[in-house]
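The structure under discussion is supplied below as C-alpha cells; questions concerning it will follow.
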C-alpha cells in the first residue's frame, strides 16, 4: 500500500456451501473473474461478504484462502468489524500474518456509540493493529455515522489511510471529502454504486461496489470514464448500472434482496454457490428466474 | 411553464418581523437580490421558507406579496404542503389566482403514509389543483419517501411536471432519475446543495438550494459549470459551497442551525430580518458573530 | 376543571361525510353513546380525531358542534396541536369562546424540536391561551418526546394541569410519573389502552383510549376495577380490551388499521359514518366484514 | 427447569479487569450478593452483561466461571445472541456442557431481519441447541421486534419456554401476553425495571432487571409485593426503584449511562470492578462521586 489506492474494489461475496463451509472452488473462480475484469483491489469480509453472519473461524478461513488465491496480485483489504475489540484485533493479526495489505473497520454495532466513544474506540484499537486501516461508515447497520470531524480526528494517526462510506448520503459524502481535503494520501470510497461515477467526477477515489462481483469490467469502465471526465460515456454506463440496481437488486421486497440478487447472479453465471448465511436464504426458483431474465436483458457491450 | 424548468431555484426564506407579520421590505430586497444573482425561478413556502410554522393566512400573504414583487419576471413555485388536503387545495387556488406558475407538494406529515396511500392521496389531490405540480420528497420531515415507482405512477398525470428530492440520498436520486428516464418534460431537482453539481453532471435539472438565498450567483455559476461539464470550475466552486455548508450552516449544534444560519446571513448582509417563526429562534449575538466571521472568510470572487 | 380530572376520556373520532363536512347526526349519536357508557370527559381533535387531516375551518366546526351537543355535561378537552403557533392560538381562542374546559397540545410536528426549543415554545404559547393546558406526548408523530424534566419545567406554569402520553413506553411513563410526584392537581393519562389498567394500578389518572369510542362502558369498567384495585376484575376485562386490540385494530396491515377499525366499528354499530379524511380511506367491504366478525366474537357482558 | 421460572432474574454484569480478563473475585462476590438478596435465577451474557463487547473466548470463560461459582444453587440462563448462527450454537453447546439450564437468544443484530426471516432463523437454530430457549426482544439493538404472532409460531417448538422483552413498549408487552395466553409453561419477563411491578400485577412472570445486580432484595421485595397484589407496598417500593432509575442510571447523558451507573455502583459497594469493555468506559471520578451521592440518598429499608 505504498501509494494511495483508487479505482474499483469489489466487496467480495463469501462463496459458501453451507453455514460452516467455504465454496473454495467458487472463491477461486470469483477472484479470477474480478481480476480479469480489471479491478484495482479486493475487499473481503464486508457487509456484502456477510462477515457478521460467519463464525470467527470461518472468517479466518476466508482470509487465508483469499490471500492464497490472490497471491499478492492485487491489494487485499480485510474487514475486521466486530462487536468485540479483542476479536477485531485477532482478525487483524490473522490478516496481517496471511499477507493482507490493510484492514477495514466499521464501529461496533450492538451498542450504539456516540462521537466521543468512536474516537476513544479507535484510539484504543488502531495502535493494536499491524496493518493500515480504512474506516467504514455503515450507519444503518452500526447505528452511528462518523461525523466528519471524528474522521479527521481519528485520521491524525497516519495508519488511517482511507474511508469507505456506505451511508448513501451524498451531502455527507461531500462533507467528509471537504473535511479531509488537506490530508494527503487518504482515499475516500463510496459504497452505493449508483453514486460512484458522480463522486469520482468530483474527486473521490473510487467505489466499493457490490455489482463489481458480477460485472467487474462495467464498473471499471464506469470508473475510468469518470476519472477521465468523459461525461458522455459516464452517462451511457451509468444507465447500465442503474438497470442492474433496479432489476437484479430489487427482486422480491426483502431487506436482503441485494445480497440474494448478487449471489444468485454469480450462481447463474457459473461463478459460485448462491448459499446465503443465516439469517438469510437464497432465492427460490421463481425469484432466480427473474434474476436470470434481468441478466439476459442487460446489454453490457 | 411552457418548457421544462432547470437551473437554480432558491427555496426562499420567509422574511418575518414576528410570528404574524411579513418583513415586506426585506422580501423585496431578497427577491431583487436573487434575481440579480441570475436564478432561474423562485420557490416559496418550502421547508427553508418555514411554511409549516406560518399560519394559513400568513402563507397566503406571502404568496400575494411575492407574486406582486416578482411580477412574472421568473417562474414562481408555491409550496402547498399541509396535513389537510382541503387547506392544500385552498392554498393552491390562492396561488393560482395570484399568478403563480406551479405548486410544490410534499406528502401529509402528521400521519405516516404508505406507498398505496401516497398514490391515492395524489390521485385525489391533483385533479383539484389548477396549477402544474412538483412532487417534493422530504422523508425526514414527512416520514415517507416516494418510491421511484410511486413517482412514476403519480406522474402519469401530465400535470405532474417535476420532482424535488431533499432526502440527500444519492442512490435514491439516481434511482428516481432512472425510473423517470422516458418521461419527457419532467424536471428533477435536488435539495442539498452539496450534491447539486454532481447530479447536474449526471443529467439532473438543477438545485433548490437554500444557500442561493444568500449567494445566488455562486450557485448559478456552479450550476452553469456543471451544465457545461466544466469539471475544473465545478471543483473550484464546489469548495466554496462546502465552505458555506461547513461554517454558516453548522454554527451551534441545533437541529435548526441551517435555518438560523441562512436568516442570520441575510440579516448580516442587510437583506432581511432574521426572525425565525416558532418553534425556532434566531441566533443570539455570540452565534451571529460566528456567522459574520464565516461570511468574512468566504472568498467568493 | 375545578378538580383534577381522572377516568376515561375518549379521544373522539371526528364523524365525517367527506373531507369537508361533519356527520353531525353521527356526532350526536357518538356523544350520547359515550356519555351513556359513563366516560369522565371528552377529548376532541386528537390523533384519533384526525385533527391534522381536517382544515382549520372544519376543526372549528367540530369544536362548535361538540360543545353545543355536549352542553357542559362533561369536561371538554380540545386538541390545538398545529405546526403554526398562531393557528394553535386561534383554535384555543375559539375553543374558549365555545365553552371548552381545557386544551391539549402536542409539539409542532413538521420540524423536529429539541428539549430547549420545547421549553421555549411552550413558554411562548401558554401565556397566550385562555384555557388550562394538557401536554400531549406523541413522539412517533411529532419526532420528539418530552423529557420528564421538560414537563416539570413547563408545568411550573400552573395553567399546565396534565399530561397525556401516547408513546407506549412504559418505562418513560413511570419516569414522568416519578418526576411529577410532588406536583399537586396534575393528571397523567395514558393513550394506549393496552396499558391503561396497569398504570392506573400504579397511580395514573386514567386513559385517553380510542376503544372508548366504541365500547365506552368496557373501558370505564376496567378503569374502575383498576382504581379500586380489583385485580381479578382487571385481568378479566383486560382480556376483552386485548381482544379488541388484536382483532378490531389489526385488520389489514395498514399504518392506519387502528383508525379504520375504530370508524368501521362505529359505522357497523350504527353510530356514525366511517369516512376517513385524506390521506386515509375507510375499509372496503371485505375488511369491513372482518371487523363485523370481530365485534360479533366479542363477549362484553 | 422443571417448572416455569418466575421472579427476579438479574441480568448479571460481567466483572472485568480489562478487555480480556474476568474479575473472578468480583464475580464471586456478585453472585453471592444476588443470591443473598433472594433472586430466583441468574442470566449472564445479556446486554447488561456486555456480551457483545466480549470476545468469544471471554464469553466462554464467563459461562464456565459462573457455573462453577453458582454450583446449581439457582437456574442459570446464558445469552447466546450473536450475528453468527454457528457461534451461537457453539456458545450454547458450551453452556450445556458447563451445566447451564437454558439459553437466551436475541435475533442477529448486524443485518436487520423481517418476521419470516426470524421464523426461519429460529426454526434453523433451535433444533441445534441442547438447552431450552428464551427468546429475547431488544429492538433498539437488534433492529427488529418479534411480532406476537412470530413468537407464537416459534414457540410451537416446546423447547421455547419463555420470552424476555426489553422494548419498554407496554402495549406490545400486553399484546405478547395476550397472544401467548393459551400456551402453558411459558414465562414472560420484562427488562425495564420501571415496568416490572405493573406487568406482574397483570400476570407477567417477573423481571430481568439490571438494578437487581446492585440491590437484589429491593427488586425481590417489589416482585413479591406485586405477585401478592399488595398495591400499597408496590407503590412504596416502586418509588425506590424510580429513584434509582432517575439518579444512578442517569448520570451524564451518555448512551451508556445505565451500564456505567450499574458497574460504578457495584464498585462503590465493594462488589466488583467497574471496568467497562470497549467501546465504553467507566465513569471518571467526578461522575463516580455523583453515583456515590445517589446511593447515599437512597433509603432502602
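Which chain is which? They are A, B, C and D, in the order written, and residues in each are numbered from 1.
We take it that contacts are C-beta pairs under 8 Å (C-beta built on N, C-alpha and C of every residue); 3 or more make two chains touch, one makes a residue touch a chain.
The structure displayed is predicted, hence computed values, not measured ones.
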Where subunit C and subunit D overlap in contact partners, by chain label: none
Distance-maximising chain from subunit C - centres being C-alpha averages: A
Euclidean distance of C-alpha centroids - subunit A vs subunit D, Å: 35
Mean-CA-position distance for subunit C and subunit A (Å): 49
Per-residue overlap in subunit B, given as positions that touch at least 2 other chains: none
Pairwise touch network: line, ring, star, complete, or other: ring
In contact (per the touch rule at the top): chain pairs: A-B, A-D, B-C, C-D
In the complex with subunit C, residue positions of subunit B that touch it: 19-20, 47, 52-56, 58, 83-87, 90, 107-114, 117-118, 120-121, 124-125, 140-141, 254-256, 277-281
Subunit D residues within the subunit C interface of the complex: 148, 168-175, 177-179, 181, 192-195, 197-199, 201-203, 229, 231, 234-235, 238-239, 242-243, 245-246
